[in-house]
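Before any comments, here is the structure.
Labels for the chains are A, B, C and D, by order of writing; each one numbers its residues from 1.
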Amino acid sequence: MYGERVARWERAVEWPLMIAAILFLLAYAVKIIYQPTGAVDAASEVVLWATWALFALDYIVRLTITEQRWRWFYRHLLDLAIVVLPMLRPLRLMRFLTVLALLNRGAGNRLRGKVTIYTIGGTIVLILMAGLAVLDAERGGPGPIEDIGDAVWWAFVTITTVGYGDYVPVTDIGRIVAVALMIGGIALIGVVTATVASWIVERVADEEHKKAAATEDQVERLRDEIAELKSMIRELKPAA
Amino acid sequence: MYGERVARWERAVEWPLMIAAILFLLAYAVKIIYQPTGAVDAASEVVLWATWALFALDYIVRLTITEQRWRWFYRHLLDLAIVVLPMLRPLRLMRFLTVLALLNRGAGNRLRGKVTIYTIGGTIVLILMAGLAVLDAERGGPGPIEDIGDAVWWAFVTITTVGYGDYVPVTDIGRIVAVALMIGGIALIGVVTATVASWIVERVADEEHKKAAATEDQVERLRDEIAELKSMIRELKPAA
Amino acid sequence: MYGERVARWERAVEWPLMIAAILFLLAYAVKIIYQPTGAVDAASEVVLWATWALFALDYIVRLTITEQRWRWFYRHLLDLAIVVLPMLRPLRLMRFLTVLALLNRGAGNRLRGKVTIYTIGGTIVLILMAGLAVLDAERGGPGPIEDIGDAVWWAFVTITTVGYGDYVPVTDIGRIVAVALMIGGIALIGVVTATVASWIVERVADEEHKKAAATEDQVERLRDEIAELKSMIRELKPAA
Amino acid sequence: MYGERVARWERAVEWPLMIAAILFLLAYAVKIIYQPTGAVDAASEVVLWATWALFALDYIVRLTITEQRWRWFYRHLLDLAIVVLPMLRPLRLMRFLTVLALLNRGAGNRLRGKVTIYTIGGTIVLILMAGLAVLDAERGGPGPIEDIGDAVWWAFVTITTVGYGDYVPVTDIGRIVAVALMIGGIALIGVVTATVASWIVERVADEEHKKAAATEDQVERLRDEIAELKSMIRELKPAA
């Protein structure tokens, strides 16, 4: 929609950005889980800033080479947010998951295949990121979440809306992360259900309507035949 | 349906009522969170009563100028409830959220856009109101909910059906508010899922049926052609 | 399907059975909540047995007057269960809720109206019955559920899948009741979501397809016209 | 798709494998619940290994007699997993539940009937297996789950996403089992909702569209008639 140059650029940077996103996640995880000092800490910081710079650069390039700049800007506010809010950056990982979509062949399954991949990928990244963020916020505080195992376990319990209550965040940032996870959980239930429902509705329809509905094409061809009929009768007339 | 005069009135009072609803919410929040005395308390009371009077007036005017009074009355029992039960009044906010619907263009998205806006707006207002109401009921009692932060956190945990159990209402009014929130949560899951399902079903259908179904219009045009054919043959007959 | 006599009988006993079901619920509630002795206890017992006898009689009459007895028997195994398992009997209440369906007019809304009424009615009866049953099982035991308020509150928390964990059954019977409620909760979410989804899908379809699909009727009428055409040409032939 | 020989083999071993799966479940349950020693333990081990050998044999035979070996291999990776990961083996039980599908007659209900049976059967087996696995992991540890009753109760509370928090696993294996159950719970809600939605959407459509859409067949027959018309006129022409 925004010119072929953007599409070509996006294809070119797909893999570099995916690797950058994974490096970002790893550096973030190292920083939070091991709380390193000295060289390791400095290296993590370098990776975090370098990957951020890459995503910012990608945003600026795309904004520059697109044909309809303002329209692109308004339709890619989330991309801007991803550059501005470093915490959201790993969501970028999602875009590259589409390569897995190659496994999903067949017309009707295409959209559902994509939705399934985005949902699984998005849920995993959301759980990992929320686990890291809540560990960062809660560790050393009055709450029970003190290591990464507890944090990821808490994230699973929350996103599935089970909510045992054995681990609960007590800090403000921890609670904000929890609310994001809960909203993710509601969305997760929604998407899973909707995908299954779409599949069932379609399969039931296939079972029942062996007799397909008449198509516009068919009726058009019928009309051509009648037009031919008319011209045949027109020829007949002077002869009579 | 109930005459153009009502529609014109509703458009005219849209913004004044929206502002009144926000003032009501703020005054209610101030009263409950800060438990003011003296001048601030009196001011809150004035705002609460003035906004209530505005909504009551709006109801009476609409009932007066409508053409089919009884039918309007039966179809707007919720509006009556909103005037009679002051606590429900902020639900009015919802109607004005439709202005945001301008952002949602395109035929099929219109209904879903509206549903999305009402759902998000309604959920936020429900969480805020339930938080305030439960704080009012539980503060100073044997339960753990003692400040607005805890109350809103509890409302999020409840409406998403996570239910950690770290904060639980123990008074009768608190429990009634909780039941309303739980029902809201079930409805929330239902609406989110249904909206996503509708979107997926439609997109899958678009992918598959490039060949559109024959329409009534097409067949009607076919019939016209055949009628023409007939008259041509009728002309032919006497000539023979 | 099973003869008009059964339909007439069912219409005739609709209200008496509804009243019997309400009396049964009341007597059951009195017995469990107040644990009466002496005359009140005896009266409750009489009501419980009398209403049970009524339902058993209704079952026998319907089985006797139906035309296809075995088929009716197999298709009404739930009715047999309701007579044999006295605890399920209040489910009967559900059938009479259809009278409320009169409020729901319009073609497409008819099924959804019925589903809505059955869902709301069934949920309320399920919550009340589960509350009474769990109170009966847990009172005086090691668990925290000791009065009807706690029991109904627990039932709401369970059926909405919130599950705070402030009240949890600890006896075997209490846990079986809880599992029934949880299954009811999953079904409740399913039915609410499905009803909303059906409504949204239909409304979106209405918005989009102003142009209706060609019907079988239309095409049949087209065929009649062509048949007429043929006979006109056949007349033409000998004349030439 | 993979040749008739495989289909015949699968029909032949259906019942033997179903019995083997039940024996496996029983031996597994005996081993975990009663923690037997001596002869009983040895017998359980023999049953576990013998049933495993049967499933491995079935896999090898099917892989050998299929026509398109590689394609079959890729499409049956789950079967390989079931043979390699003994814990998943009871999922095999699911395939045999299709015999119950005989009870579900009628076109549109066929798929939904199958989905319902697989869902109920899969949920029961999942709850039992998860209960046994969590009991095996948690018993004797710091967590509260100490007998099979608690474990199955916990499994129900988890799969329905209620999550009271009265019993929570604390070991790593216990938590992995819990996460599998939670994912099963999300899937359960999705499938229940989707099945109900499919049923409601279909029933509402039945209520509304008494007038069926024109079919391809109908239009084809119309075309034949017009072709006949043409040949009649062609005959007419030389006569004129």
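Throughout what follows, a contact is a pair of C-beta atoms (placed from the backbone, for glycine too) under 8 Å apart; a residue touches a chain by one contact, two chains touch by 3 or more.
Here the structure is a predicted model, which means the values were calculated and not measured.
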Next on the checklist: What are the mutual neighbours of subunit C and subunit D in this structure?
Outcome noted: A, B
Checklist outcome for this item: Across the interface between the identical copies subunit A and subunit B, with over half of residue numbers shared counting as same and under half as different, the residues used are different
Checklist entry - Looking at CA centres, what chain is most distant from subunit C? => result A
Checklist outcome for this item: Rotating subunit A onto its identical copy subunit D by a Cα superposition takes an angle, to the nearest 5 degrees, of 90
Checklist entry - How many angstrom between the C-alpha centroids of subunit C and subunit B? => result 28
Checklist entry - Whole-Å distance, subunit A centre to subunit C centre, using C-alpha means? => result 40
Next on the checklist: Counting only residues that touch at least two other chains, what does the list for subunit A look like?
Outcome noted: 161-165, 189, 193-195, 197, 201, 213-215, 218-219, 222, 226, 229, 233, 236, 240
Next on the checklist: Testing understanding: with touching defined as stated, what is the shape of the graph linking the protein chains, line, ring, star, complete or other?
Outcome noted: complete
Item to check | Residues of subunit B touching subunit A in the complex | outcome: 149, 153, 156-157, 160-166, 188-189, 192-197, 199-201, 203-204, 207-208, 211-215, 218-219, 221-222, 225-226, 228-229, 232-233, 235-236, 239-240
Checklist outcome for this item: Listed in rising order, the residues of subunit C that touch subunit D in the complex are 107-108, 110-112, 115, 158, 161-165, 168, 172, 175, 178-179, 182-183, 185-187, 189-191, 193-195, 197-198, 201-202, 213-220, 222-223, 226-227, 229-230, 233-234, 236-237, 240
Checklist entry - Within the complex, which stretch of subunit C touches subunit A? => result 161-165, 193, 197, 213-214, 219, 240
